[in-house]
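Below you'll find the structure I mean.
Labels run A, B, C, D and E following the written order; every chain starts at residue 1.
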């Protein structure tokens, strides 16, 4: 059979989230046999660098591209260029809806935000004040999540503290610091909702942060509802360092991306939007997820 | 009428009083020797006259009018040229570029004027020949010997017609032959009506060209008298403090 | 026996031949004057003897043995002390710190020794008094006058017992009084069996203290003779090239 | 032996061509390293010298090269400007926002009017940043490093404030024109490259053949000497920082044209790359040394490394390591020069 | 008039306390700015001086302060080290990986043995990086900026290569011990703060009271003069870069202990913050000036600004802008010193 080289371009290679997507691609590529997965992206989150890398990959004449878009307008230019050069393109995790990409594989980010809000409401219908932690301020998918949280909590008794969301630029250390700062600035804060898993990617940092008021977390006086379900996060939830997690399926995004590109290459039809789904995890069902 | 006058000038650097109530005048075409021990305040005095330092107390008069010289550029525009003791050269430029620094020869129309490299180089070669100095105009100053550097600093004062030239130890590093040239140059300047203040530790040089000598000691002026009425022995005694004043 | 000998030393800087086939010897306790026009190669010669430059051709002998002096540190360890023309001072340190740089006085056990600030300062004050210099030991060199800086560079050579001291224009910036002290110092060094090479543009000084004079012109040695057999006029002629050799 | 002498000095030969001017500069040796690298890369990947890739390289390096020209001026005076990356982003953003705003307001008296106003806004912003940097450094005598580190943060923050973190995209009737003058081509050559060539030639003339250029070098060589000889040191310094910011702003606008968007985090962390390009090309952070050709060669070198490693399909985790090694190797080549001149 | 004279100089007074030593330094003036800022922040937010927040601040600034001590040494010699952030990451990663590896291999001869080996590996890695930097700079005479920019890239790349981009977490029987010595507390005080205090005092003694320290200053003041007086310039420089890397590595290990993991992007882009802290505290990038107390004050200032703005609930978009403004304002305070000394 024909063999293909598909490139997976993350927003940034220093984000552990994309490691899972990469592993998905690699495994699927190995399984399919005739496919090579090239994982290549900017080290740090910077749209022009991502665009240049896409351009290089076009020059390299790869057989397909899967991109986690770092800036919709910028990526649109490059995606269209690739499509004109005859390379099928899909987006994953973060979309560029206006472009000529064939499909989007990933989370419905608005729904993702709403789910976070709903989990919080379920935990504490009585409301209180809450603060959010975001990643890069320019990331459109994160902005959707923030909107989603707000939408879900609209009309409830929850109010957002000033200075929320904070932007950690996907920096794990900074995200933990910001969690601490939110709590200190607002001693009565009733919930902290990071819209990405960053602070928990540093397990002991998060533990250090939670430890002084772990009893409050258990009694839901302080609710911790966090996005993403990376293995470390699940362990932390199991050990009582969070109340609820809502996760995406990055590994599946990688797998589906390869399958979709292969289908496109074979001329088969694919759905334009492929949601990989969400997982809602609480203490009740965490054992199903921890391996 | 006095060309340059200092009235009760003092200068403090933190706890150090480098100049203490110094007054004197310089007339056009006069050659004044300024002597004193190391650290007596001679260079500080020069730097006040050339606009690098502002006096802590006292005032300066130029051409009979109070002058506030805020920068070396202003001093230059007034007609005060200086050979600095530390020479003030840009190491990364050639000798001729240093000579013409801030007064480049240019050609061209409007605001976009190009440098006249050749003309500047030729003039620099001329100036060094005039000083009988073994200095190459297109060498980088970085690569020059101590005396060659000093020649560049001296040559610089020859470009325009100044009204007073302050020379802070201009002959310290130059060779026997050029010392004579510099002393000759000072005479020619005097004849053209230009005043010269010569700082030097070489007693014979001062007695050879100066008409008047000012002696400083630890920031204060201790003597200001015609050369004819003094002697190397007296000046030495004043410098060392063996003699308190004269 | 010769203490220091140069054999056919040449030094090129790109297109410039700063030294051309120079040979001479210096005996213990001898005072040799080194004269020459600006750019003649005197400082280059000093820098070769003190390990800063390596000769392009030729060789150096110290105490009769071939010496490869790769760094100023090595030269110092051999007993070659130098007063550099550009003084080589760290502006951000005090006078006494500069004097003791690389040879600090320390107290303490094992590898962790602490500086003896007081002792170094006291010694520096002594050295300046010995030179009759108006230099304060705990002032930063940055704030010093030209002559004060030179005093620091001279004081530095007094710390240890050298075997030969190279002095590159040590009296250029210092005042009348200290010039006499430095010349006196040179005599005392000679009496202690230390050789001195004195570079100076001041003819009287050279004739006052030196036993022998070497004259350089454009990189070549043009004369090497006892002072007694020469005269200031002859040396001047050699320097300027009026006389080709002697 | 010494036949051919200079100005009558019997001990001075004419210097050989490799001892003089360009050939004796770091720039020449880095150029040599660049040529070696290009040959090596062309063996490692067939696509490297393909027309498409060459035009990618040309375009990519001209993205940072104009800013590098600007920062080279600053470096020659002995300064530094860490705010170039942020300035690129804010200029691009201001330009975009102006086009968006004017379109929304329906202000369009004549074709091109929105573009002209937008460019004025973009360049004006850059000029203000440069003036603020220059003023603080020249007049208030603040350290260039701290000042421009401060403005890095201030300017980036303002970009986020202006856009609320979302990217902006140029729109309106002049959009096509905007794209043409930023990412278009003239006779197959990207316009950004043409701008670069024009600006580089201009810079070369100004640095080598005008009094202003000489003053820039003098300030870097010995600022005090410049002051003492009456050079308007403060004014020249301020001008240099303004030019640097304008160059950065121009580069930012060009990139945003190519991207079709001005994201708020555009050119994040570019400052180190841009400074590296200047330094690799021979500019000396201690001041007094540098030039237009060096800046460009430095940029090409960095882009060739980046692009070449991607094309050679080196493991991306190793790429970063190799980029670092090659940068060091490139300046190491310059050691041969010192060895030869003894 | 001049009663109290010095060493018999009739024109030299004793200098007043504010004209001397610490009080006449940039550090003192920045300390003043810091105090003002702390007072202002404590009014802006009640929580600012709460014990919990103070201990946050103490911990956070000691995360970069040890590396800042190290880089201050480098800056005093007139050098720079851009690779500190990467070194923090690679040291932390090596330490983690060694613990993981030894645990997997079941090698555990005595309690603490894995930890000791892991720390040796982490510090050893840092020492190698520092030696490579120092060797290239001192012996090959490469520019510190380019050299360490190269190692920034090389070392970060190696971190990614070693971990394939994944974070690594310290595990095994010594994990508790590891956490205790990195993120533990002694009598309510974070150990990282204790390390900092000990190292700062040590650095102060070494810089001010040993010959080695004096040589460090001399190299920064006039490297050539140091060489001419027989100072082992090259050796001291290499040592300084090694110490800087060791300090950075130590800081990285401490952070990873607190995080419980060593992410591959640990301390990404910290270099500019660390250099800024040193420079704000009075170290001069031109060399010859700087000290331990300044480094610490600089770090506190930066952390107080960051933390204070968060607590004051400033709009996050504006935070970055304000951080920049306050950094510039803090060094502006130093202008008063120059004004007063004329």
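Following the convention adopted for this analysis, a contact is a pair of C-beta atoms (placed from the backbone, for glycine too) under 8 Å apart; a residue touches a chain by one contact, two chains touch by 3 or more.
In this text the structure is predicted, and so the values were computed from the model without any measurement.
Visitor: Using the contact definition given at the top, which chains are in touch with both chain C and chain D?
Guide: Neighbours common to chain C and chain D are B, E.
Visitor: Stepping chain to touching chain, what's the minimum from chain C to chain E?
Guide: When the steps are counted carefully, the minimum from chain C to chain E is 1.
Visitor: With chain centres defined as C-alpha means, what is the inter-centre distance between chain D and chain E in Å?
Guide: 30
Visitor: I'd like to verify one number: the distance from the centre of chain A to the centre of chain B, where each centre is the average of its C-alpha atoms, in whole angstrom.
Guide: Averaging C-alpha atoms per chain gives centres 72 Å apart.
Visitor: From the mean C-alpha coordinate of chain B to that of chain C, what's the distance rounded to whole Å?
Guide: So the centroids are 28 Å from each other.
Visitor: Two or more other chains in contact with one residue: find those residues in chain A.
Guide: 13, 43-44, 137, 167
Visitor: Where in chain E do residues touch two or more other chains at once?
Guide: If we look for residues of chain E contacting two or more partner chains, we find 6, 9, 12, 156, 160, 164-165, 269, 315, 317.
Visitor: Could you say which residues in chain B touch two or more other chains, in rising order?
Guide: Only 13, 16, 134, 218 qualify.
Visitor: Could you pull out which chain E residues touch chain C in their complex?
Guide: Per the touch definition, chain E meets chain C at residues 6-7, 9, 12, 205, 209-211, 214-215, 217-218, 220-222, 224-232, 288-289.
Visitor: Can you name the residues of chain B that touch chain D in the complex?
Guide: 50, 52, 71-73, 76-77, 82, 84, 88-93, 97-98, 101-104, 106, 112-115, 117, 125, 134, 136-137, 156
Visitor: In the complex, go through chain B and note every residue touching chain C.
Guide: 13, 16, 36-40, 42-43, 85-86, 132-135, 143-148, 150-151, 169, 172-179, 201-203, 218, 236, 239-240
Visitor: Under the stated contact criterion, what part of chain D meets chain E in this complex?
Guide: Interface residues on chain D, with respect to chain E: 82, 136, 140-143, 145-147, 149-158, 160-161, 164-165, 269, 272, 275-276, 279-280, 284-285, 315, 317-325, 327-328, 331-332, 335, 338.
Visitor: Which of the residues in chain A end up touching chain E in this complex?
Guide: Touching chain E: residues 13-16, 19, 22, 43-44, 137, 161-163, 165-167, 171-173, 176-178, 180-182, 184-185, 187, 201-205, 207-208, 212, 232 of chain A.
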